[in-house]
Amino acid sequence: MALRNTMMNFSSRAIHTSAICNQIIKLTRLRVVDNSDIGKQAMVEGKPPKCIHIYNKIGVGYIGDKVLVAIKGEKKKGILVGLKQNQKTKVPKFDSNNIVLIDDSGTPLGTRIHVPIPHILRTILKNKTHAKGADYTKLIAIATRFV
Amino acid sequence: MSLILKTLTSIQSFSNLLKPGIEVTTLAKRGAKRLNPYPKKRHPGWLPRPTHVLYKDDITPENTKFIKEVVETRFGKPDVGLGMQSKSISPLRNEPIEPQTEWKEGMRRTGVIAKKIGVYPMWLKDGTKVLSTLLQVIDNHVIRYMSPEEYAPVIQRNNIRNRLGCLIVGAESMDPQLFTKEYCGVFNESGVLPKRMLGRFLISPNAALQPGTPLYAAHFKPGDYVDIRGKTIDRGFQGVMKRWGFKGMPASHGVTKTHRRGGNIGSGGTKARVMPGTKMPGHMGNRWRVFRGIRILRINTKYNVIWALGPHIPGETNSLLYMYDTVLPTRKPSTAPHFPTYLPSIQENPVEEELWAEDVHRFDDPCIEFIEETK
Amino acid sequence: MHGALKMSAAVGRVLSQQMRQSLKVLKSLAGKKNRCFSASVPIPKEGSVSNNEQKSVNRGKSADPLECRFMYPEFLPDPKPEYRNSLREKLERADMMARRSKIDIPEFYVGSILAVTVSDPHAPGKSNRFVGICIKRSGCGLRANFILRNVVDNQGVEVLYELYDPTIQKIDCLRLEKRLDNELLYLRDAPEEYSTFSFDMEPEIIPEGTPVPVNDLKVTLKPQPWLEKWERKDLKGVRDIVVNQKREMKAKAALKPWEKYDLMKIYRETIPEEEQKEIFAEVYSDLHNLEITRQKMKRQRTFIRPKKSG
Amino acid sequence: MNQANVTHLVSKLKFNIRPTPRRLKNKDGPPGRVLKIQKTLTALFEYERIELFYNRADEVRGYAERLISEAIRRGPEDHEMMDLANFWIIRKEFVHKLFKVYVPRYQDYSIAYTKLHKAPRLYPGIYYKRAVLELRGNPYPSIEQRNAHSNVLLHNLLLSEARKEYRMEKYKEIAESMNEREVTSQ
């Protein structure tokens, strides 16, 4: 046990042990959950994207919000599709902060999302889509499973 | 010079004659400039002090029993405690008066005194959850009516002739031994037990009620809007962050000893003083506040309970509040309410036990289901 | 194996007591196969379960209304004296019973596996079903709620439901059991296999009159960082929590050994026995009737099934 | 809090308790508070009537009542109960007294086991409220002295006369109604 303790002491120096901030703010690390090349590479290399801007007026990202992320030295846009923070009743809460990368017109970069997506996102993205602006509902089409 | 002054004064008096009717003298409004004025500690002149110092009387057990017996024979048995109206019919109470006039828009009827008994959720028919506050109309009786001529409040609104009468309503019957003899005398006219709380409601003379008339929760209808006046929770002396919602100052970065302070309260220069109404630390709560335009969701006529929309009714649980028809012009009722009040003896059909607003989901209804839109 | 389970459940009612015993063993074997845990996780043995059974409450009806407090904890009001009012509590209970007469809310505990169907305006079929393990139960009265947790496509998902929400169409208890702790929030920091459950899981039937089984499964947590300081929580369902010396020291310093003796603290957190008796006397007969109708329904269901398959 | 604790089952106390506990200020914090209560509780079980500051008396009263009610509920055979008694009562002999004297004494009580009196403040002295805390049924003479001649006080004399008059009137009414009935029946 003593040996194990010393090992723990040694190893815990390198990693940070503070509780992870549940809010999406600038510099929050996110998880790409689609199969776009850039997203897959970034996740495999262990360099998850960092949020560098949130496209709303509060500066805190909630479900369905658009964010700007820094990923592998590039700037890409993404939609928050699952959050760690506590949600309203009947809205699922996830174990990680998930995003799906999109381009300026709202088309996803990947072709498949490999985690479940909350049903409420249908309504949120529908309301955010404007006739002339970006069409976010394409994201719903590539989802494989809803909860 | 004097001539000019004379002409000026004559013009002024002439213009005064042109003014319609009443001479208006403006009185300084007390406390109007304050954001959070102190509660007025003015005791109504006509109302004697209710309580006296309790001391040991050494009354023998037989005599205590005798007093209790006399009170019971005169006023009936005490309430069960679940808000049932005391069934006692006072010997002095007259027959309830028939409504003399039909309700017209702009008429004001009495309010009731209610007890805030808690908050719990309800669901609307579209599936949204709302919080409702339960208000129990607790043992309300009309105590006295003062006609507009008779009623002279301590603070009069300018010099306008009063067109509204005043109805005094009492709530929660108590043991008469707890009160002074003078205070008990107030209830002689209505013939009910002395009440814990009295309330004053300004009403149009058509809505006057006979003293001794009981008031019920069915005075209102579900879907109506009411104003609620209550005393907020006493939070004591509080800092600016809690009292006014200031942001405070950073926890670190060289900040010392000023993490929860308000910061600057004004500048020097020409007006080197603290401006009146500056938000500063001080006593928070324990103030009378009116919350206007609250919707009624549901009424239980058995226990006289009203479910009002929203959790933020002023006051603690088990505190007493005043409830009356709203003064907000857009939320006034368009159809006739129970006028002058709900009188079971006059009403042809007795009301149901549970009354619900249209959009509220009843708990014994089947589950809510959404219908798919067809394009 | 599924078929065997069904058959055993269906025929089990009519068979003699002896046969039932043997079937029980068979069923427990079937249950083991159904479980989604990986092979490395030890599954509680029959004997250890029966040891724990003695403490737990008898299922279904119990002679003492006071025992209802485990089954229906939301009927007890908030013990905070500032919020209490007897009339409000009475009306709240009446509303709860009105809702319970429309929807069958089964008996469940923290650690049971539930399936909840809700009407969801966002879903295509306007209804949505979620299966998961109940990791927390809180709130009293109409505010009572519970959290379900599951791992779907290697992604942990949690949903909070309100027990008396009228949009809930159906609540099914797929596996009725208790765990060693009152809250299973540590499953968030445990490996995925401990909270993975299939969406098309069949409800397991426990014979009437048997006590609720206690699953004394002990989980091993993932390495740090954790969401909470689990070493301070005195968890019974977690195998050896190892932390570094500094955290150990801090946990030791934060211990409050006198709290379990603090009689007034306990008193302020509980509803006294006399009041509980009054509360459950009011709702006991209704709850009991609902329980009986539910069991009747269950029996009918189990008898119908073999006909369908055959 | 929000949900009541169901693991414990307790008897209702027969007096009104404060919604929040007092901190009983001391330099050791919460353990120091517990020690203060332990000492006072032991003294109360020893002497059955003690005089102390009001705050501490009111705080200890709850613990004393709860300990006695638990002892009545569980009895001396229960290990947890014994543990509890040993924790709160510092001297061993009063643990015996709790089970052998107090439990039989309070077995059938329907009122509170203790009584709290407000005591006069010492002058000159510290400006704290003082109180007398006692266990009911103790061997000492009662603190509250009843007025032995209360029935000759003026208001009591008047009330008893009024009572007699009231009774007489009632009897008269009954007699009259009886007479009327007889008349009508004839």
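Labels for the chains are A, B, C and D, by order of writing; each one numbers its residues from 1.
Heads up, the rule we're going with is that a contact is a pair of C-beta atoms (placed from the backbone, for glycine too) under 8 Å apart; a residue touches a chain by one contact, two chains touch by 3 or more.
Everything numeric here is computed off the predicted structure, so don't read it as measured data.
Undergrad: When B-D is set beside A-C, which has more C-beta pairs in contact?
TA: Per the contact counts, A-C leads.
Undergrad: Centroid of chain B to centroid of chain D, CA atoms only: how many Å?
TA: 39
Undergrad: Which whole number of Å gives the spacing of the CA centres of chain A and chain C?
TA: 32
Undergrad: Roughly how far is chain A from chain D, going centre to centre by Cα mean, in whole Å?
TA: Computed value for the inter-centroid distance: 62 Å.
Undergrad: So the centre of each chain is just the mean of its C-alpha atoms; given that, what is the distance between chain A and chain B in Å?
TA: 51
Undergrad: Can you list the residues of chain B that touch 2 or more other chains?
TA: 129
Undergrad: Among all residues of chain C, which ones touch two or more of the remaining chains?
TA: Touching at least two other chains: 82, 120-121, 143, 162, 165, 167.
Undergrad: Where in chain D do residues touch two or more other chains at once?
TA: none
Undergrad: Can you tell me, using the touch rule above, whether these chains form a line, ring, star, complete graph or other shape?
TA: Shape = other; not a path, cycle, star or full graph.
Undergrad: Following the definition at the start, I'd like every touching pair of chains, please.
TA: Once each pair is checked, the touching ones are A-C, B-C, B-D, C-D.
Undergrad: Touching chain A in the complex: which residues of chain C?
TA: 118, 120-123, 128, 130, 145, 152-162, 165, 167, 188, 224-225, 227-228, 242-246, 248
Undergrad: Spell out the residues on chain D that touch chain B in their complex, using ranges where they run on.
TA: 147, 150-151, 153, 155-156, 159-160, 162-163, 166
Undergrad: Chain D touches which residues of chain C in the complex?
TA: My answer: residues 66, 69-70, 73-74, 76-82, 137-140, 143, 256, 258, 261-276.
Undergrad: Within the complex, which stretch of chain B touches chain D?
TA: Interface residues on chain B, with respect to chain D: 57-60, 62-63, 66-67, 70.
Undergrad: Looking at the complex, which residues from chain B come into contact with chain C?
TA: Residues in contact with chain C: 81-83, 117-118, 120-121, 123, 127, 129, 134, 136, 300, 303, 305, 316-318, 361-372.
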